[in-house]
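In structure tokens below, several structures.
One chain, chain A, links the two complexes that follow: it is found with chain B in the first and with chain C in the second.
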Partner chain A sequence: MITKELDRAGFPVALISAMYPVAEQVGASRIVKGVSIPHPCGDPSLPAEIDAQLRQEIVETALKALQSEVKAPTVFLPHMAVSA
Partner chain B sequence: MRLEMAEFPVTDIRLGSAFRYYSGKLEVDGEELKNLVLQDKRIEEAWLEVVVSGEKVRVTGIRDVVEPRVKVDGKGQVFPGILGPVAPVGEGRTHRLSGMAVVVAAEYEGTIRAGLGVQRSAILDMWGPGAEASRFSSLVGLVLSLRLVQGLSELEAHTVIQQAEFQVAKRLAEVTVGLKPKRVETFDLTKVKPKLPRVLFIQGCLTDSHHVHSGVSYYGLPIRDSLATVVHPNEFFDGAFAINTTRCIGYFPITWDWQNHPLVLGLYREHGKRLNFAGVILERIRFETFQGKEVIAQNTAQLASNLGADAALVTWLGSGNAFVDVMLTVQACERRGIKTALVTYEYGGKEGIDSPLLYYVPEADAVVSTGSRDRWIDLPPAEKVVGPYKEIKILSYPGAPVASARGSLTLDARDMIVGGVDNWGRQSWACRAY
Partner chain C sequence: MLTVIHIVNQYFGGLGGEEKAGSPVVVVEGAAGAARGLQAQLGDRGKVVATIYYGDNYFHEHVEEAKGVIVREVEKRRPDVVVAGPAFNSGRYGLASVEICQAVAEGLGIGCVVGMDSENPAVSAYREYRNMRVYLLPTAESAAGMTKALSLMARFAYRVGSGAEIGSAGEEGYLPRGIRRLQRTDRPGVERAIDILLKKVAGKPFVTEVPMEVWDQVAPAAPLADSSSATIAVITTSGVVPWGNPDGFKTYRNTFWRKYNIAELGALEPGRWEAVHGGYNVSYMNQNPHYGVPLDALRALEAKGKIGKGKLYPAYYVVPGNQGSPSVMKRIGQEIAADLRKEGVGGVLLVAT
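Up next is the complex of A and B:
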């Protein structure tokens, strides 16, 4: 809902969410698949250096999403396999 | 598995000096019950009060509500794994005191200060709009109030409260041993009519795996990250399911609801008439990744398919993202050719015009609403306050402002009223389209 208001105000916005199908249904524009509800932007169960790579990949995917033109809710998937 | 449930209706409770039951009147030895409870030294003070429908009474600090039951024949005892060993239940004969409940209320300040695990209690009005909102206001209530010693952890406080309420409930039901019940209902699924559809009941069950008590227990064991499992409906009636008594919230069914599950009873009463009741799947929900939600939905539908279900009645408990698991379950069942109907409460906001549900799937084409959880409610001032708190917090966070429990209250959701959300469709609400 917040992302939709930001969109309306003219700010490009990307939402990182583990519940990406819910974000799609609500109508968020750019959606980045996050890891898990309690930790969307990383995975504390991974070794620190792998987690750092994962975090970087998620943030870079979000930045790429921000620069993309979209017409409908679009999901962007980080390249690194996101742990279940 | 055959269970006979012998019913002893209660219309009046008197606090006296002996235990007696005759023509709907229950006399209770209050001193004996207090002494029973005070054997646990973690309870500093205990007292009993009776509340009846229509009285301008507000009960505070409620942690659970339970119907008195006792097993008089068959294996095990009521509340297995909690009051006694883990022995299978659901067979034999059980006595129940219907129309009444033990309402346990406790003063307890938790050690968890924020988040989902923070302790909460609920209120109950026995009259007016608050009474209309809760299924428990129509019962005669024996309120057991407790004051716990300082510094107990959440799990310990829970254990103390639960042991006290269940012991009292069982002791009350024992008054009926040897007496003739008003009626007996038999629960037995062995006879089936092959031509009727096999209808399964799927109980989605939000549990909080990070918390010391996950919220729902089976034979005393809190359910955590479990895959779906099959249970027998008779186990509900003998108290195999219980709750976390430090977190009483309107949208979490409590022990009384599990004992008197309206959908389990409804399916049982149609068994052999319109359908064959094919049993119960207990589905843990609120997985924290979308993949987890897809897996549990798939797992549940697979199990339903293995059980030969033609149709499934699906419901849930809790709030938030757990509903995604529920909708995916409906979808997974439908895709396997199992017709589903979903029973759920709605959100909808203060005016009822916001989105009613968090998530949708096109396969959910038969949804029964049990009413809105979000509608604001105004409660008039009470004439009397029962229970441990004379001042209450409307919001649960630490340092939240307190209000007089006696005064008028405006609640922005039904969460604070015990039974304030009708998860499983116990009440006879009707809907109207505008």
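Up next is the complex of A and C:
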């Protein structure tokens, strides 16, 4: 609801949410898949430094979404590789 | 014979037009004004025992008082059913009718029938209330459709008042409220689903068993040319707020938003923030508020130049999202957008739980 009002007012907004199918259906335009409902920006089962890296990847994906042209609800999937 | 109370505005009560829109609630014994038309349509099946009317402006300027008086007057007479409107395309009258029906149905458990044009803005309030005892019948746009509307409403009111089983909106012709009810059928779901799928694939007409709410579509805003040159702000519906919840957010159905300062902070220290939200397990968020307001990541990206130096907006916006009514959240979105514009923000991250 809120993101649609922001789009309407001309602000590109990236919604970070685990419930991306609902977000698509409701019509949010830029959607970043969050990890899980109670912790969208990270994963408490990961070691702290990797969780922090994951969080940066999610936020960076959101910034990329803000810079992307979209015509319809679009889901952006964060991805990262962790070397041993 | 059923007993009915008809509730209308000052115009249809016979008092007068706009110049009388400020009049308070009046109760008349028997049928008065448009209620006489309702009585004619009811015939011997029902008796309009009282007509209640109110000024369109009066109602909206004294909502709680007006509702209180009306509910008390209805309670005194305990009718079998209450009829409100038809309001046609009148917004004030339509909304007052929906509010009154909600108050009567909720407070007294009496079924209500209300009529108005399906494009009346009050229809969305009716849908949001989704009260099982209130039925909205679509009518014409103007009072030219009065007789037809009253005929429809009288017939429906008779059924509601006599305790008849009312079927789905599709079958019965009232506007859907989005209530789903379980029904038994004799064919298993898998057969019915395949039937529908075959029709759909063949391009034949089919009827879904589960209609989905249609949401209005908005054109996506233009992208930022470069994230490092714009001011970026964060909004969250996770309910992360400073410890102690200084603005008293509830865990559900909030109606306002707030901004909290993050200007000199590099991170959110656990123990200084808490998550106020009744819709998810807040223990993770309480242990690490960054899951809802990713400040550590934002600062790291600022240091790397993905966000311009000093371009992270120095506060984050929050409203706990649990059970937020769509119209309230829409208003909150508009208010936040106005603030973002005033503050020169360019792009927004919204973290939702």
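Simple rule for what comes next: the second predicted complex is superposed on the first by the 80 of 84 C-alpha atoms of A that agree within 3 Å, B and C clash if a C-alpha of one lies under 4 Å from a C-alpha of the other, contacts with A are read in each partner's own complex, and residues count from 1 in each chain.
Simple rule for what comes next: contacts are C-beta pairs under 8 Å (C-beta built on N, C-alpha and C of every residue); 3 or more make two chains touch, one makes a residue touch a chain.
These numbers come from a predicted model, not from an experiment.
Chemist: Specify the outcome, clash or fit, for chain B and chain C once both structures are aligned onto chain A.
Modeler: clash
Chemist: Answer with first, second, both or neither: which of chain B and chain C does A:P38 touch in the superposed model?
Modeler: A:P38 contacts both chain B and chain C.
Chemist: Can A:L15 be said to touch chain B (first), chain C (second), both, or neither?
Modeler: The answer is second: A:L15 touches chain C but not chain B.
Chemist: Which chain, chain B or chain C, is in touch with more residues of chain A?
Modeler: Between chain B and chain C, C touches the greater number of residues in chain A.
Chemist: Touch check for A:L46: first (chain B), second (chain C), both, or neither?
Modeler: In the superposed model, A:L46 contacts neither chain B nor chain C.
Chemist: Kindly classify A:E5 by the partners it touches after superposition: chain B alone (first), chain C alone (second), both, or neither?
Modeler: A:E5: touches chain C, not chain B.
Chemist: Classify the contacts of A:Q25 with the two partner chains as first (chain B alone), second (chain C alone), both, or neither.
Modeler: A:Q25 sits against chain B and chain C alike.
Chemist: Based on the superposed arrangement, let me know which partner A:V75 touches: chain B (first), chain C (second), both, or neither?
Modeler: In the superposition, A:V75 contacts neither chain B nor chain C.
Chemist: In the superposed model, where does chain B crash into chain C, at 366-374, 384-392 or 402-410?
Modeler: 366-374
Chemist: Would you tell me the residues on chain A in contact with chain B in one complex that are also in contact with chain C in the other?
Modeler: 19, 25, 37-38.
Chemist: Contact residues on chain A for chain C in the complex?
Modeler: 1-17, 19, 23, 25-27, 29-30, 34, 37-42, 44, 52, 55-56, 58-60, 62-64, 66-72
Chemist: What residues on chain B touch chain A, complex-wise?
Modeler: 288-292, 321, 324, 358-360
Chemist: So in the complex, the part of chain C that touches chain A is made up of which residues?
Modeler: 212, 215-227, 230, 232, 235, 237-238, 280-285, 287-288, 290-292, 294, 296-298, 300-301, 306-307, 319, 324, 326, 329-330, 332-334, 336-338, 340-341, 345-353
Chemist: Touching chain B in the complex: which residues of chain A?
Modeler: Contact set of chain A toward chain B: 18-22, 25, 33, 35-38, 84.
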